[in-house]
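Each of the two complexes below includes subunit A, the first together with subunit B, the second together with subunit C.
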Partner chain A sequence: MNEQEILEQVRSALAQIKVAGAETATMESSWADLDVDSLDLVEVVRILEDHFGIEIVDEKLDGVATVGDAVRLVEDISQEGATA
Partner chain B sequence: MSAPDGAVALVTGGTRGIGAAIATRLRADGWGVATLGRSGGDVRADVGDPAAVDAAFAEIEARMGPILVLVNNAGERRDQLAIRMSSEQWDAVIGTNLTGSFNCTHRALGGMLRARWGRIVNISSVVAEHGNPGQANYAAAKAGLLGLTRTVAREMARKGVTCNAVTPGVIETDMTTDVADTLVDAVPAGRVGRPAEVAAAVAFLCSEDAAYVNGATLAVDGGMGA
Partner chain C sequence: MSVDVVVTGRGVISSIGESADAFYDALLERRSGIADGVAPCSAFDPESAMTAKEARRLDRFAQFAIAASDQAVAEAGLLESGIEPERIGVVIGTGVGGLETLERNCLAFLQEGERAVSPLFVPMMMPNAAAGMVAMRIGAHGPGFSVASACATGGHAIGEAKRMIERGEADVVVAGGAEAALTPVCLAAFKAMGALSKQGISRPFDARRDGFVMGEGAGVLVLERSDHARARGATLYGRIAGYAASNDAFHITQPETNGRGAMQAMRGALADAGARPVDVGYVNAHGTSTPFNDRIETLVMHGIWNGDAPPISSTKSAIGHLLGAAGAVEAVATLCALQREVLPPTLNYEQPDPDCDLDYVPEGPREVGGIELALSNSFGFGGQNACLAVARA
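Now for the complex of A and B:
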């Protein structure tokens, strides 16, 4: 699973909660740019958890402010799971 | 934005009394309606059990579609003066009336958030704001529902999801046959209410017309709480 695949899933998650501009979001897009608030983020996380079969604990979300941050977080957690 | 096509309304405790009247009215208004009950209804589940609620929601969603209207109506009474009330009586009523409503609300919110549309109506009671001897558990649960209502309303307000409460007074149902006659003197209207009259208020709160009504408590009590 590469970065591009995860980015597509983050875009898909954003689209599922009807975020405007979800399909064209880039790694640099911030939640503020996309008008994604804390409540939206909860649902995005839930969708990503379901899709990737991972668990993203709240503490890991500190400092996750962009699409790229989320992509890297999923990548990190998936790799931890794979090596554990 | 109007209700998404195929949205389902779930009425807990929807097999009799006020809940049955709500289910009937929402069906008449064009909603696909599912009822959930402990011992009957389209799906059986104890709302106090989060795992059972999750399974019931999953079954309804698979069979009928997304649950975007939730009416938390399931309730029970175990009356006793506070001085004699057992912890079992307390826990049972809080568990069904308050925790049960939270369990269903918690399960429903994700789908409503994704749809950017939802309606939650909590069936509270006139006793939430006035108290009633012998009903410490019931009044506390029903008052708790008002706090839950207002908080969910604030949390979800920007997402097209509203959460309101209805506070029925003395309504003619199986649950009130033992007390209706003695309580009617306290009703300014001079009569008990009909389940359909509560259902009409719920139907309004579920409608598009009520999109800007949020965190409100709508009394349907013949003036009892005035």
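Now for the complex of A and C:
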């Protein structure tokens, strides 16, 4: 699974919760740019967890402030799972 | 009280019209929003009033409240008026809150477990969501909360907002009620109580009435201190001249047999307005179409007017019972009746009941001249009553 595939899934998750500009979000787009708040983030995380079959614990979300941060987090957790 | 409270903006979401004037036009055209025993706001499109994301994060009752308050705030020119945010309050009530959200999440929890419960559940369901969202939307930093007194909620919200202005806590209060309870569980519950019309017909005061028809929607008013409104040249749509509330202290769902609580609220609203019964030209009834309410409301009218009661009609005959929104939408109807000098009809009134022998304006709309004062009645489950005395501006 490459970065582009994960980015598409993050965009898809944002679109599912009707975030304006979800489809055109880039790795650099911040939650603030997208008007994504903590409640939105909980929903995005659940959608990503279900899609990738992973668990994203709350502590891992500290410092996740952009779409790129989320993509890299999913990538890291997926790889940890694969090597475990 | 020396402080006059006027209405400078009105908003309505109903099954027969979305704006105060569209709603009142429809009432005068004798249009009914009732089909198959319910009166849904079928034409309502939340995304006409808010973004898709905002709509998704709000229960339907709060969507109604936002849409109605947008209308009222725009009509009042509130956002362009330069009023200090700290002087604007918001009091918007609901009878039952985000019931659709509650049912959906309960079902998800039972079927799929804890993880299926939405993080938006609480902020969508809570009864004060509408008042909070409206305050956020207009930047109102004054006092704000929701009111819950079942079917009297809208009346209490407007009355308490009036008091807030009289006490000097705010110059402007956005006030009203919103309800979206046409859910399977809620309909089943009212049906189980025997409160709903088995025939699916709202015919207040008619001998064949057999219960109410549930509707949904919202009514919101911008209330404002009179001198404040006049100084900024706002259009005045009427005055909330009096308000009183009371408890039946009798039964959780049945109105008191002799109507003591309702009468106390109506007399109290008149006293608060400094008016006498003879000054009243019209009463907008609670008029639910239940056997109990309509008989007792009639009895109370006789008690106050002693054979010389003014015309009384029921808005619920056209849009059903909006529970927590009813009093607010009906306050708008009462304001429009005074402003236009035309009384709205009671629809479906055909067979007189010997216990209901007043002038219910069945043939209406009826043009009337020179009415200055009207009452709007709201009597809630729990035995909680509110009455507003509404005057021409």
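Following the convention adopted for this analysis, the second predicted complex is superposed on the first by the 84 of 84 C-alpha atoms of A that agree within 3 Å, B and C clash if a C-alpha of one lies under 4 Å from a C-alpha of the other, contacts with A are read in each partner's own complex, and residues count from 1 in each chain.
Going forward, a residue touches a chain if its C-beta (ideal position, glycine included) is under 8 Å from a C-beta of that chain, and two chains touch if they have at least 3 such contacts.
Predicted, not measured: the structure shown is a model, and the values here were computed from it.
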Inset, instruction - For A:Leu61, select first, second, both or neither according to whether it touches subunit B, subunit C, the two together, or no partner. - result: neither
Inset, instruction - Mind working out whether A:Arg46 is in touch with subunit B, subunit C, both or neither, as first, second, both or neither? - result: both
Inset, instruction - Quick one: classify A:Ala20 as touching subunit B (first), subunit C (second), both or neither. - result: second
Legend entry - Doubly contacted residues of subunit A, that is, touched by subunit B and again by subunit C: 17-18, 39, 43, 46
Legend entry - Of subunit B, residues touching subunit A in the complex: 110, 113-116, 155-156, 158-159
Inset, instruction - Give every residue of subunit C touching subunit A within the complex, in rising order. - result: 51-53, 55-57, 115, 118-120, 123
Legend entry - subunit A residues within the subunit B interface of the complex: 16-18, 37, 39-40, 43, 46
Legend entry - Interface residues, subunit A side, partner subunit C - complex: 17-20, 35, 39, 42-43, 46
